[in-house]
Every structure is written in structure tokens, then in C-alpha cells.
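Chain lettering (A, B, C, D, E and F) follows the sequence in which the chains are written, and residue indices restart at 1 in each chain.
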Amino acid sequence: MIDFALDDFLEATLREDLGRAGDLTTNAIVPANRTASAQIVARAACTVSGLAAAARTFVLLDPTIGITFAAHDGDTVAAGTVLATVSGSARTLLTAERTALNVLGRLCGVATATRRYVDAIAGTRATIVDTRKTTPGMRALEKAAVRHGGGKNHRFGLDDAILIKDNHVAIAGGVRAAIEAARAAAGHLVKIEVEVDTLAQLDEALAARADIILLDNFSPADLAAAVARTNGIALLEASGGVTLATVRAIAETGVDLISVGALTHSAPAADVALDIAD
Amino acid sequence: MIDFALDDFLEATLREDLGRAGDLTTNAIVPANRTASAQIVARAACTVSGLAAAARTFVLLDPTIGITFAAHDGDTVAAGTVLATVSGSARTLLTAERTALNVLGRLCGVATATRRYVDAIAGTRATIVDTRKTTPGMRALEKAAVRHGGGKNHRFGLDDAILIKDNHVAIAGGVRAAIEAARAAAGHLVKIEVEVDTLAQLDEALAARADIILLDNFSPADLAAAVARTNGIALLEASGGVTLATVRAIAETGVDLISVGALTHSAPAADVALDIAD
Amino acid sequence: MIDFALDDFLEATLREDLGRAGDLTTNAIVPANRTASAQIVARAACTVSGLAAAARTFVLLDPTIGITFAAHDGDTVAAGTVLATVSGSARTLLTAERTALNVLGRLCGVATATRRYVDAIAGTRATIVDTRKTTPGMRALEKAAVRHGGGKNHRFGLDDAILIKDNHVAIAGGVRAAIEAARAAAGHLVKIEVEVDTLAQLDEALAARADIILLDNFSPADLAAAVARTNGIALLEASGGVTLATVRAIAETGVDLISVGALTHSAPAADVALDIAD
Amino acid sequence: MIDFALDDFLEATLREDLGRAGDLTTNAIVPANRTASAQIVARAACTVSGLAAAARTFVLLDPTIGITFAAHDGDTVAAGTVLATVSGSARTLLTAERTALNVLGRLCGVATATRRYVDAIAGTRATIVDTRKTTPGMRALEKAAVRHGGGKNHRFGLDDAILIKDNHVAIAGGVRAAIEAARAAAGHLVKIEVEVDTLAQLDEALAARADIILLDNFSPADLAAAVARTNGIALLEASGGVTLATVRAIAETGVDLISVGALTHSAPAADVALDIAD
Amino acid sequence: MIDFALDDFLEATLREDLGRAGDLTTNAIVPANRTASAQIVARAACTVSGLAAAARTFVLLDPTIGITFAAHDGDTVAAGTVLATVSGSARTLLTAERTALNVLGRLCGVATATRRYVDAIAGTRATIVDTRKTTPGMRALEKAAVRHGGGKNHRFGLDDAILIKDNHVAIAGGVRAAIEAARAAAGHLVKIEVEVDTLAQLDEALAARADIILLDNFSPADLAAAVARTNGIALLEASGGVTLATVRAIAETGVDLISVGALTHSAPAADVALDIAD
Amino acid sequence: MIDFALDDFLEATLREDLGRAGDLTTNAIVPANRTASAQIVARAACTVSGLAAAARTFVLLDPTIGITFAAHDGDTVAAGTVLATVSGSARTLLTAERTALNVLGRLCGVATATRRYVDAIAGTRATIVDTRKTTPGMRALEKAAVRHGGGKNHRFGLDDAILIKDNHVAIAGGVRAAIEAARAAAGHLVKIEVEVDTLAQLDEALAARADIILLDNFSPADLAAAVARTNGIALLEASGGVTLATVRAIAETGVDLISVGALTHSAPAADVALDIAD
């Protein structure tokens, strides 16, 4: 099945690099009929994501390129692992190289960061989830990368779930009023989550029967209190400045979900490369 | 002057968040005629970039939004600094908030990382330059962020200059052959840069009168030797695994340019926020 | 706030009518500087929807057009009611007339049909909801028209909720297996609805804790049995060949939701017109 | 030959349903390598149109899908008739089902409605034609559906023929002046039609040598008088509130053309379905 | 009224020149707040066309630019005539200059060439018309330029009239068969033109009641014979290798239309310039 | 490798001709399953360019069309030469014919004009280069045509090199100031060219170390003086009103480059045709 949005994204990214006149260097130096094969390699250990997208980059530019996968999205691999082999026109391989690697490096970076958080809370009942703090234009890809790293996804955008934040609460005149306004407008397939800053607001949210309650910048002690008070009636999400150093303590409070913006807004790119075998 | 490409990018980014049905939460809770004003704030010290773009996000979504700038792209600011004030429809402010901040946070992150590298080599003759390892779709914005951080730009894409890399050299059968093929094809306004791995290749590149020579993963000693041997006949660019820890020693070898991929592929996002005043 | 998707839709619709060469008739006959005003009128009683969209059609084509609304989306009006007045360039009024009326007539048609179903079940606890059987390209507009007619919306598309249909159940090997597979994949903000054909399947769906259960082509007696058996643990949606003649009996069984495809796939257009006053 | 506009329309319609994240249900439940075949079936008798478009929907989403046609656009079929078989990835079949059926159901609806009008005037010399009261974005498809139902097409848009309506006549200062202004501007391949409200205006239009004259809301008696008076010098089109109940009497007056807006703006969708054989 | 297609064309043309990074020269040298005014001047005598489009180029790039027209499309002007004044941001004037002039120069070239042909046949009953041999992407603009030069337009494309050419005749098995097939398919607002190579084919076309007959590469004597034989029953169009040297003799044969491909495919650009007054 | 920009251009050009309803004539007359083959022929001697693009036009519209090339871009051919054979659906051949020929005729025209200029200066050291006075939307194609005709390319747009023109010099306050401002802003891969009107300005440009100096409307004597004074330190480009009559004298002054706007803005189309063999 073709992923129209992925193809749009990759083609736009190729065009961004190709400009008006294409790859001046390759076209000047590499004969049009020269073929080659190349390996996509992880230079450092990482969790893989975006491998199918990176391969698709070559094929979109040139449908005659052949791809053989040696790893798959979701795999965690050691430094030096060959992820895939691409073969065909040498011009295509050189022209698409940077675009494909930029996509792959970023997505492996997100998956790898996610995997670290997921591993850090192993054995607890919490789930690592992402946020909407994604790279512009790459939300679907980065949310897939979070899944490849073992996390789960928060809402995809403003239109697929209700998340009442502090400013909404302030304008509505309270947690209960905000939830009621949201429920009156929402269809029957839309869940309602509300952000609270205090245990008192938590009680108000529970009384108003929110589906999920986001506990914003709660201390571990307050998180634990919230878990006790909620008693499974709603899902609880811890959020706010979570780091690898703090995530396990948060998870051990018994919250259901821990959302981490840094998975997508600050993960360093993974070190991936294309080695042309010739 | 309208920046068509910027508007395309911002509108696509807004659409990515809005989906089919728009901001369910805000539309359910915030009255259509409610107005508010909000401050865009740097929560941590940073070098600013993308402020005009972030402000444009609100105006694109709603031309009646008013903007007052309190800082400008290129400024380095302390934690807590107000960067701009946006005012108008409360719905617009809440709906565009995340998109604007995602753009701003990433670009301030790039500018801030660049500023650190530039400061680290202060007093040397070298210039920090970026690479094509940019975020897909954001190349022009990230290259501007590098300038805002005090760096300069390498080529924008495959079509505005010639950069002969190792694979091109291999296919051409040598540095000289590659440069000659490139020169034969290039127009009179196109410069030619060539990547070399050894001092011997450097000599070949000098003999073939390359405009710029990229010294790939040279040790500081070899960089210094290259500078001496080149004697100003061509520009020299050091590249490969440059970090904040190593950049000053590289600069002190006398190279003209130091390219750093991490400026754009691994800079953590800056911590920026929107505080609604009302 | 600009609705990008609405503007795209209206501009595409105008272009579809304008073709390459524009309105040959009007440009040949009406002087460029001639002005006029015109009333958008409901020739027959209807529930209004799409009035803002119809007005936007004129403004998109010519930002100097003035609009005064005399009714609003959601109003139910008598035959002969003036809905809005548009004034400005006579050429614009004539050129945009058909496009604006095509949009308005269809959406008033949907709202009017919905209103009839909603009125037919007045006093029961059921809610009329739409389906994905919408006009291609007009889903958001038609779903708004359903709301203007007093109904509520089912999911907007394949990606904002899970609806397990008979074919999914068959492939999964049963209702329970299907629900479990869905739950394992879904994020915490995604609700799960499942279609069942029998009361036995209903029991299975209840045991697997589906959020909503769609009772496909159940007789009123079976619907009532389903309501009794469910006892409020999940929402129940009646679906399948619902008509104005049958909807009240269905509603009186106590189901929560009744979905009606005909609201959007077969509602006749409302009779709306543009009367140029000159 | 590829129909670019059709592909644009179908892809946009698929994207409208797929959203950002695609078919959550199918992707969660149906294995990626599962194959199936399915029959597109007419649940009620209808005249077929849009079958090629519906089949193209599957192929656009997934070029590996196979199609076998059992009927063709223009056929009139009995309830239960299999129209086509689609086979391939089970995910694709389920994901594209609703989009394909929405397109097919609407177009069969238009063709079926047209066929009824055409049959109702069998034996007369009149031709049933459509109007510009089409579904936004579907004009070419709906005009093809009218042809499949046995009708013919009026102009496709504002730019491929001149149709002088009452407002144009009023601004021009009369039928003759309007026709003369139109003729002065029109190229030699553009026909001129004019709408008249009275027999006196008809005479004026005949004197000014209009190619076609639209008789707006004329009684059958006046239509017959118009036919007599025109004597074949121009084509005559009857228009305005034509229904299945009135169309034959209109046709028997001897007019050449009868235009019916309801063919496209109010035809109920045909009942078509996809039966997965597994 | 906005001309969507014109704006698309001009914006695409500006983007073609601006590339990824915009006007490097102007941005480096001209202060952002510098203003200027400039005159659009015809350096050589010409018939003006595209002036509104050229002015729109500046406004699209920068809505704050002011325009004052000193001439209008359709005027024939002497060398040195100021056509318009544009004023505002100096950067905008310099950045948009080449795009605006490229559009204007080409369209004035078409209008000027047309004017020469029209003048050459003054006093005859023939009309100069264009062809579909237009610049890709500029058909509507070039057809307007032909009108500005005093000519009239042939069909706009393949879909707004029927023109049966020699290959169609060959496939249909004769002029009559081709005309009959076309008439059976065409709606009542579509005219039918047929190309003939001989007087015998002309007779066949007349017998089949073609609306217009294109006489391809007829000698003046044969054209005159055709005019005599046709006697006003159909319009006659002379076509094929018409030049300024031959056009008057052709017109004097009494044909109705003379089509000239060179109006659009080979007209040299007019010499227009932008003089910045500062 | 797919050329995305070429495909965009060709598809848009086909759509411009096809309109909403496609090729009325061909669809009415030519059976859908009829096949044919046709030769693309140069009716007059020319230098070929755009042949691959013209062939691609057919394939884009219909991937089953077969192409056999008998000539290649860059060839200079005699009148009557067959350039390529296209075979497949007769409908496709007839529908795409005009679009393909419009593209081919224009590009062969540019290549042929370029070839004449290049031949006229054979034996001198000068190179013929193009300008930005290209057909809107066709810059990359026309610049390729210039190369096919033996010329070389000036910059592709405003963003890939710096060209300081008289207005920039005036605003900067002199040639030196302008060059210095440009150099301060430019990256290390951007060359700087400056336009001068006098020998005094030439000296200033040489002192400021411009890479290339454009001598605007210099007499041959002044060009020779400029060459002597420059002595190889910078490249010299002669520009301004160059014609076939004057170009050799200009070349013999010893300048490096001669830019000719007429190559692209005023080259008459080459006479190319499609002969259907049937």
C-alpha cells in the first residue's frame, strides 16, 4: 500500500536538496550508465527506525533501484551493522544519499532515545509516550519511531482527541466546567484528557469523569498520592521535564503514562552512513 | 517581501497539527470572540532564531493577530527573556501555540549550538560553517539559524556548487580527473570544492586548482601541514567529527573553515514557551 | 481564524467552474466597474448550513465583496427567508453564484435531513450520528452540517478511532481477538468500537470491554434485548438501513446512538438562490 | 491514458479518509501479508457509472491490486449483480473500501436518475441534459454519469460556452444587446445560448440569432408555442423545476433539450457494497 | 476579482528565480528599509500586453508595493513610453524586476506581432486568430495578448471545441464519418470544425454541415474557390505557413479567419525595462 | 533517475491543453483500442534539444507508449530528419501531440539559435552564455538547450551566485562598497560578479577582487582595453545588445564570456512535427 504522505515528504525533501539544476557534481563526474551498490550502515549502536523510508527515498527518485533489507524498523543493532543494501545507478545512489541519511539518522535518533527511556522503566507498569513536540512535517514518522523504540503514541494532533490544558481551564472557569464543555461538543469516539496542577484539581477531574488526567510537574510524592486517590478510575499521565535520570522514580509511583517531549525535540541524530561498494 | 517558501512550510506545519477537524479542545471551550495576549518567552538562555517565523505562524492562521517583537533573530538572551508579544483571538493563540513553539525551539537550538562553536574559536581566523545534514524541509531556516548564531553557510544544495566527495574521486579515477570533469561542466559562476583524505591528494587538488579543499578527518598536525603547504592558494575546510571539545585545536591550525554537522542534526531544542497573560 | 482546508475546497470548486478562460458570458456583458448587491435566499424551508462557506466563496474570489448575514448555520428557516446579502462587483456576484449555491444547497440539504431525523426521535435518549458515507472532499463540511441539524459526529476518518467491522472480526478470528489486537496497538486516547451481528457477539464484545458496540441490522426487539443486557457498560449504536419511518422505534429501544448514512449520501439539495437586486 | 484529474480526485478522497495515521483498525488487526478478494456488488438495481473510477481507487492506493470487471459504465443491472472483483492485499481492500464505494454509489445514483428521465421521454425528440448544479469537485465524473445514463452534457463550466442569463440580460439592457455583446467578444468556436422568460424575449433572441434559447419555467403551452414560432432556427431548451412527473409533457411539446438540475444535485446514492470473499 | 491561475503562474515564476535562498545580491547590498520607485518602460515601439500581470508580480511578492499605470493592455506605444510606475521597498523592486519583465516582454511581443498581422489585412473581412502553439503554461496570457493585438482566439484547448484534423479523418475513414462521429458525441454547445486538404473534402464537410472548415495550406486560388463554393454556409479558416508577406493575399480571398501559429511560437520579445529612479 | 521538475512541467502543460473534459475530438472519433506509431520529425534543419522531454510527454500521459530515439539532444540535423518514433494508443499520440511539439519546437529553437552564435565565434577564446531572460517555467529546460547548442550557463537564479548590477552599485555607493557588502554576506562557495559601465569602474572592480566583471554595452575598443587592463586577473563578460552581426567582433576583443538574452527570449520555434504512420 502506498503511503501518500510519506512519498510527499520524501519527494519534497529530495527537491529541497536537488534545487533547480540537480546534482552538479555527480552529473559532471559519474557516467549516466555507471552502476554501483552501497550499504546503509549504522556506525554506532542504535534502535532502527525510518529504514523503509530511507530505502523509499532511492526508489522514488529512481524506480529501478533495488533494495535488500538486512534489518527492520524496531531492531536494536550494534555499531557497524549493515541495515540494507541499495543497488542500481551510481548517480542515483550519490544523489539521494544525503536525503536518505538525513531521514534515517533523525528517526533512528528518536527510536534510540525512546528505547533508553523504555528500558529505564522496565518492570514498572508505566508506558512511555510522546508529545506533539515533533519535527515540523515529520510527526507521523517520528511517532512511528517512538513505537519502534518501544513507546506508545499520544494524540496525533489537535483534532483526534481532547486535551484540556491549563489555559483552557482558566478560560472555562475551572476543571469541571472545561470537561463539561468538552464533553458536550465531543463525539462519542473522542476521549477527554485534562491537565491538572494540583491534587485538588485532580479530584475535580475525577468527579467530572475525565478519561485521562495529566499530572503536570507533580513531585514523585504527589504522583503517588494521585495514584492512590485515583484508584484506577482514570488513566494518569505524568508530564513535565522528565529525564532519563528521573523517569524511573516517576514510573515507580504507579502512573500509567509518562510523556517525554525530548524523545522528538532533542534526540541527537544517530550516526548512519552509506558505504559505496562500487 | 513575502517569503513564499516560509509560508508554505508554516502552513503545512499548522495543517499537520490541525488535521481534518481542527482544535477540538479550544473550539469546545474557548468562546469565538474571546481575546487574549501572550508572551513568547525563552525559559533558558539561548541565541534567538526563528522568531519572525514563529510570529508569522500566528499571522498566517489569523491575519488579525498583532505582534510586538522584544528581541530579534541573532540576539543572545538570558533565561526568562520575553521575545515577543502576540495578541488577538484567544482561539488562535491556543491553536497555533505548539506549531510556533516547535519551529522556534528548534531554530533557537541550532543558533545556540552554533554560537557555542563560534565562541569556542574566537580569535582564530577560522569560520564555522554548516552542512547539508539539516532537518528535512527546514534547510533554509536552519541555515539562517546558523548565521544568527555567528556561523556561515556551506552550499544550500546539490545544485549551487560542486563538492567532489571520495566516491566521486573513486569513480573519476583520481582527484585531478574529477576536478577536470567538474570544471568542464560547470558554468563560470560555480565554485569547485574537493574532499581529500591525504596530503598527497591535497597536492593533487592544489595542482588542479580547486577553489576549496575539504580535509576529511585530518589530525590537527596534518591540518597544520596542509595549511602550510597550501599557502593561501585555496581555502581549506576541516571536517569530520568536530566537537566543542576539539574545535579550538582545529581552528588554531590555521584552516579557513570548519564544518560541523551537529549544528543542525543534533542540536537540542531550546526551551521556549508561550505564557498567556489573560 | 482562517480555515485552510475550507479555502482550498472553495478555491478548487471555483476553478472547476472557471476553467482556463473564466466566465465568458459575464466578462463579455457586464462592465468591470458595475456593482450590485444580491440576497442569498432559501426558496423552501430548510435548516441552514454552509452559509459561512457560501459567503466565503465570494470573498475568496474577490476580497472587496461585502457580506451581511441575516441567518446563521444551524437556524431552521421558512421558505423565502433571506439568509445573507452580498454586495460589490457585479461580475464577481455572477461568476461565483453557482459555486456558492452548489455548496450551500448541498449542506443545507444535509442539515435539513438531519434535523428531520433528530426531530423524529425527540424525547428519547438516542443521538443521531453520521457515517463516513460523505461526499468526497466535503467530509468536514458535511459533518458540520450534521451538527447544524442537531446530530453528532461519528469518527472523521480511518485514523481517529477504531471501528472493528465484520471483515476485521472474521480475519481476527472473533470479536474478542479483534478487540484485543486493536487495544494492543491503540494509544491511550483512542476509543474502540466493534460491530456485532448477534447478541452472542455482543456478549463477547462486552466481555472484551469495547467502548462502543455497533448493532448491525438488529431488529427492534434485539436492540431492546441488547440494551437490557449491556446495562450501560458500553455505548450502543444502532445501524443499518435506518429511515425516517423506522428511526423512532429504534430510538425507543434505548440505544445511545443511531447512525444514518442517508444524511450525507442521499439528502436532496435544498432550494437556495441568489437574487440580484441591482 | 492516465486521467490526471481523476487520479487527483481519488487520491485526495483517500487522503481525506486516511488522515495522518491511516487505517488504525485494519493495521492493528489484519496481517500485512494477508490477501483476499472481494466483489463490488449492486445491492439494488441501478445504471452503472464510476466503476472504472472505483476500481482505480484501489489501484492508486496499491498498484498490486488486480481488477476484473463484470459490468461496465452505462450498463443497467439488476439487484445483486456483481460489478467487479478486486483482489490483493486484504489491508488495501479494507482501507480503500469506503472511498471507492462513496464514489461509485454517488455516480451510479446520478446515472440511475438520468436513465429514469431518459426513459420517461422515450420516443420524443428531446434530449435530457445536465446543468452546472454538480457536486463540487466531481463535475467531470458526474457529467460522465449523465452520459452513462443516456443523457447529454450542457456546458462544462463558465468558460466553454456563453449562456446569457436573466441577470446578464438586465445589465445589458435587453436580450438583443446581451447577445450582441457576447458575439463581439466570443471566438468563432463559442456558441451562444440565452435564457428567456417570455415569448417576446424569444422573438428577440431569434432575431439576434442565438444558437440556443433556454425557455425558463415556460408552461407546456408556451413551450409548444415557442417550438412553433422557432421553427428549427435555433435549438430550444426547457428548464426549471422539471420532475419525473412533468418531463414527458415537456418533451412532447417538441423542445430539443430538457435540462434537469436534480440529476446531479439531488440523486440519492445507489446501494453498492463490497463483499469480501476471503 | 482575483485571477487564481495568473497568481499561480506568477508565483511559480518568482519561485523559479528566487530558488531556495532568495536574491543573494540584493539582500547583501540593499538595506531592508530602503524604498525606491521605478518606471516600467517600453524601449522600442510595441503593442502592450501583460502590463497588469507584470504589475501583479510585484504586488504578489510584496503587497505594500504601489502601482500607477500610464498605459494599458491593448495600447500601441512609441519607444520610450513609460507604461507604469512601481514604488515601495527597493529590495522588492530589484528582486521581482527580471520576472516581471520576462512576462511583460514576451506578452508585448505576442501582441505586437499580432497587431502587425491585423494591420496587414485592414479593410478585408478576415480575422486573425491564434492557435494552440503557445508557450507552455502561458496559454491564457498569450491568448489575451492576441486579443490585445487585435486578433481573436481559436479554441483554448482540446476540450472546448471539436477540431477534426487530418489524422482524425484518416482514422474515421473520411470527412463525413468523422463529422458524424463528432456530432454524435458532442453536447449542444460544442461547435465542430474540420480540417480539409482539398476542395473535394470541402464539399464533403459542407454536406456534413461542419460549423467551421479549416483549409490547410490552400493556395490563394483554391481559397477563393472555396469561398465561392461555400457561399457563407460555414466559416472558412485559412491556415498553414502564413507570414506577414502572404497574409494580405490570403485575406483578400474572402476567408473568414486566418490562423497564425507564429503569433505565439515565434514572436520575439519586446524590449521592456525597469528604470529605478531612486 | 526521475526529473521531478520536468514531470511537473510536462504534466501541467498537458493539463493546460486537456482542460476539464479532455480531447473531445479524439475521444469522439478514435476507438479506444486503436494503436498507431508516429515519427517526430524536424521539418527544417535545427540543433536538437528537448527530445527526451517531448518523448516523456507521451509516457507521462500513458506509460504504455514506446519510444525509439533516432537522434539526441545536442545533435544538429538536416530538414526531414526523423528524431524519434512513438508508438502505442492512437488516442494518446493525438492527444499529446501538440504539447510535446510545443515543448520540442521551443527548445530546438533555443539550441539552434545558440549554435549559430557559437559557430559565429569559432576559433576565438570566448564562450557564449545565456541570461535569466528565459521563458517563465522553462529555465532549466532552456538552459539545457543552450548547452545543447554549444553554449554555457550563467547563474540559474537569484540565489546561486552574486551579480551586482548598476542599481545595486548605486545603492551601495560604488563598485567597491557593493563588492565588499556582497563578500561579507556570501558563503565561501558563492562567486561574485559585478556589472560595470566604464573602464574606471572596471579598475575599481579589479581592485576589489571581483571574480567576474560584466562589461555592459562596451564598444569593441573598450572591451579590448578592458581585456588588456584585466590581464587575466578576473573573467570578463561582454553583455548588451549582442547580435549575430556583432558577436564575432566582440569575441575577438579577447573577452571570456559573451551573454546573449535573445537565445532564450526571442529564438523562433523550430519547425517540428508528428507524422502518424498509422
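As a convention for this text, contacts are C-beta pairs under 8 Å (C-beta built on N, C-alpha and C of every residue); 3 or more make two chains touch, one makes a residue touch a chain.
This structure is a prediction, so every number in the text was calculated from the model and none was measured.
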Any chain that touches chain C and chain B: A, D, E, F
Intersection of contact partners for chain B and chain D: A, C, E, F
Same-site or different-site touching of chain C by its copy chain E, using the half cut: different
Centroid distance [mean C-alpha coordinates] between chain F and chain E, Å: 22
Separation of mean Cα positions, chain F and chain B [Å, integer]: 33
Geometric centre distance via CA averages, chain E-chain A, whole Å: 52
Touching two or more other chains - residues of chain C: 16, 18-22, 95, 139, 156-157, 159-161, 163, 190
Touching residues on chain E, where the partner in the complex is chain A: 16, 19-20
Touching residues (chain side chain B, partner chain E) in the complex: 1-5, 139-140, 143, 156-157, 160
Chain B to chain F touching residues, read off their complex: 127, 129, 152-156, 159-161, 163, 187-191, 193, 211-212, 235, 237, 256-257
Touching residues (chain side chain B, partner chain A) in the complex: 9, 12-13, 16-31, 34, 90, 94-95, 98-99, 101-103, 105-106, 109, 132-139, 156-165, 167-168, 170-172, 178, 181-182, 184-186, 190, 262, 265-266, 268-269, 276
Contact set on chain E toward chain B in their complex: 11, 14-15, 18-22, 60-63, 89, 91-92, 95
